[in-house]
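Some notes on the structure that comes next.
Order of writing sets the chain letters: A, B and C. Residues in each chain are counted from 1.
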Amino acid sequence: MSARLWHIASNTFREAVRDRVLYNLVAFAILLSGAAILVGQISISIEKLVVINLGLTTVSLFGVVIAIFVGIGLVSKEIEKRTLYTVLSRPVRRWEFIVGKFFGLAGTLVVNTFFMAIGVFVALFYVAHKFTRPDALIFVALYFIILEFLIICALALLFSSFSTPLLSAVFAFSLFVIGTYADDLRAFAGMTTGITRWITSGLAYVVPNFSAFNVISAVAHGEPLSTVLILHNTIYALFYSGLALSGAVLVFEHRNLK
Amino acid sequence: MAAIEILGLEKTYLAGFWRNRPKRALFPLQLTVEDGEIFGFLGPNGAGKTTTLKLLMGLVFPTAGSARILGHAWIDPEVKAQIGFLPEQPYFYDYLTAHELLNYYAQLSGVAANQRKRRIDEVLVRVGLTDVAGVQLRKFSKGMLQRAGIAQAILHDPKLIFLDEPMSGLDPIGRREVRDLIQELKAQGKTVFFSTHILSDAEALCDRVAIIHQGQLRGVGAVQELTSSVQGKIEVTWYGTQIPSAIKALGAECHSTGEITRVALNENQQDAAIDALRRDRLRLISITPLRTSLEAYFVEKLQCAETSAGAKA
Amino acid sequence: MTAKKKTTVIAAGCLIFFLAASTIMVRSVDRLRPTVSGQDVLYFESPKAIKRASLGYTGLMACIYWTRVVQYFGSHHHSSATHYNLLAPLLTITTYLDPHLVIAYEFGANFLAPAPPNGAGEPDKAIQLINYGIQHNRDNWHLYYDLGFVYYMDVKDYAKAAQVFVEGSRLPHTHPYLKLLAAQMAEHAGEYQTARMLWSATYENTEDQQIRKNATDHLRAIRVDEDVRQLQMAVTRFGEQTGRLPSSMHELASFMELRALPVDPDGIPYKLDPDGRVLVAHPDDFPFITRGLPPGYKPPVPGSVH
């Protein structure tokens, strides 16, 4: 990969940090420690369950919000503020800019998730006083959450490459919700017939499929996850991010920067 | 070798909700800028100067036509390592310090790692931002941003520098400095292409200028040529408000401002005027050949465009 | 080729490749996790929470949940499931969101009460659901019919069924049928005739395809059971008169003075086995029959259903 791509990525990361995106960690810490202390006191015998569920859900939701709200501005803000002019008048290919932005945002989210993960484990230790073997599954859940972030980042970037930030946010958030229910959508598509079936099935497969990524509840119950699922989800996330990124590159490559 | 050859670049935007209203931003443009010259691109606001620059930078794609920059196709990414660009009213990542910004741009332009620091320090000195190199750009004034913009344009020692309205937002001292800088760049053998609507800047700096109005090129030429189009006129000035009758007899109109009076005459009336002043014991101050100012030329070009447009309508 | 064109071509290629590849991956991920497919997950269990979450758009939310009910039951029934744990909560949520969705109560009466594999085997919940419906739709005779139906078919409380039908028949805009059914309860409880009337009424009064199919299957089964009972009685009479079993269905038919061989609802003649048992030719086609089944017959196993 070109050095320029790396420089763009690290500048994107720096932007997120300087724009105080990581401040969400404070909110996260307050929420999680509050919850841990609360469930610790009322002792409802499912403290662990509450901490894992709440912790991982918050990691996921905070990350999705960051991915969408930072992602939608990545390109459109640079066009609007004309910072892009001095970048693209250098030997930077447009695709490098898009892919660099993607890695920068993805890196931001990985770092953010890393700190949140520490918080989850600390809270877990606080309520359970020890770690057990099934707790390692939390890593898998976190990994899946990061995979989901990759897809959302790529989608936000795609919308950002041709739409206004507000519309991009609406699109990206809608796709996130639709993606969460994607397997219901496929089941509904299966209930129709004829041409409707073709169209709805097509749509159901084109939208991101997040349902397989949400294993929070299974992990909270210590249910094992197959390595094949991990592998498949990884490949799917890479493919789908690739899909959205290719789209973003295609759009951006032909865009006039007025 | 020509530094820039613009071969019929044109741009039509599609406006309206259905993108069905074509709006011509630039008519086919033919223009050549020679190596090592300072070239001024003149025109009122909205004339198509910025569109031309954006086309050349590959920020906007032309409807037709092409261009060559430093002998390469203008969209060749490698050519961009040798050009510098200052956009109009530049705005930069305001979360970076001036030093960080220049470092980022140096990385993107492919300045070797071991030379980056030296280059950055040099240009910071050059534009006078050394003291604020560690300050975030969000705290910069407009003038300071303009300086930072110039710094990033010359950072990677480009052969060809595009400046879009480089003097805007600068105080008189700043403008002076930018003028000096442009002349210095020329002395280093660089080519400078700058757009402006301030004619005095162009007149003072440029080897050649082009005038563009309503997306169309109205005239190109050396400043000397454009401004000496009025032949055989002189201006005579002297002390005092008294006007010799012999000069009155020549039929020219005299203007007095304070203690000085001036009159524009034909070249062949010069001796007569001197004799008349002597006779009346008036003190001659100067006799200068009269030139059309660039401004006069500019106004003339724009007016002729308007009358022709009016005639069409 | 310029750099821009090259990038365009490569990006377009990647786009197509990734589109195809990710679709394939979705399919293979689906295969990995059949048991955790979305249908078995009730994201929210509290109807109140869902009502709040719907931000006032309860009608739409009810429709979504209703669709999930149909989808859930349909797919489970299709694979001959042995439990329908989510049916009751889904129906409860649906009707909580929209108490006037009568079809949901009807669905509950038909599929919540019967024992698996034909229903969830939860008649109590069915009754609870329909009573909730009656509370919110006092004048709708359909609900009284559905309630009486459950009491009759699944709880076998004929007195209660009769009472409900009578209540329903007194509504301002009722169906005359209910009065008839009430009378039938009193005299002929437990007879085929009564069951047939009920199933016919169900068939007549619904527009739901799944409920109609279910009613048709029951009506067909009732006919088969009745036919087989009659034929079996004839075999017995034949034995009493001749001292032997009829050798074939032809012989039995002529003994009964029938002009043609007796046939099941699909038009296929009943069979007679060497032990004198009357059998249906294709028992798999009649899911609810209690007679005419070959000895040791097992209903089709899940998966073999088409």
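Assume contacts are C-beta pairs under 8 Å (C-beta built on N, C-alpha and C of every residue); 3 or more make two chains touch, one makes a residue touch a chain.
Owing to the predicted nature of the structure, the values given are computational and were not obtained by experimental measurement.
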item: Centrality ranking, top chain (CA atoms only); value: A
item: More contacts between chains, B-C or A-B; value: A-B
item: Chain located farthest away, centre of chain A as origin (C-alpha); value: B
item: Mean-CA-position distance for chain C and chain A (Å); value: 43
item: Cα-centroid distance, chain A relative to chain B, in whole angstrom; value: 49
item: Gap in Å, rounded to a whole number, between the CA centres of chain C and chain B; value: 85
item: Residues of chain C whose C-beta touches two or more other chains; value: 3-4
item: For chain A, residues contacting two or more additional chains; value: 93, 254
item: Residues of chain B whose C-beta touches two or more other chains; value: 77
item: Of all residues in chain C, those that touch chain B in their complex; value: 2-4
item: Sites on chain B touched by chain A in the complex; value: 13, 54, 57-61, 77-78, 80-81, 83, 85, 87, 89-93, 95-96, 104-105, 107-110, 149, 152, 156, 162
item: Of chain C, residues touching chain A in the complex; value: 3-4, 7-8, 11-12, 14-15, 17-19, 21-23, 25-26, 28-30, 32-33, 36-39, 67-68, 71, 74-75
item: Contacting residues of chain B [partner chain C, same complex]; value: 73, 75-77
item: In the complex, chain A residues that touch chain C; value: 93-95, 181-184, 186-188, 191, 205-206, 209, 211-212, 218, 226, 228-229, 232-233, 235-236, 239-240, 242-243, 245-247, 249-250, 253-254
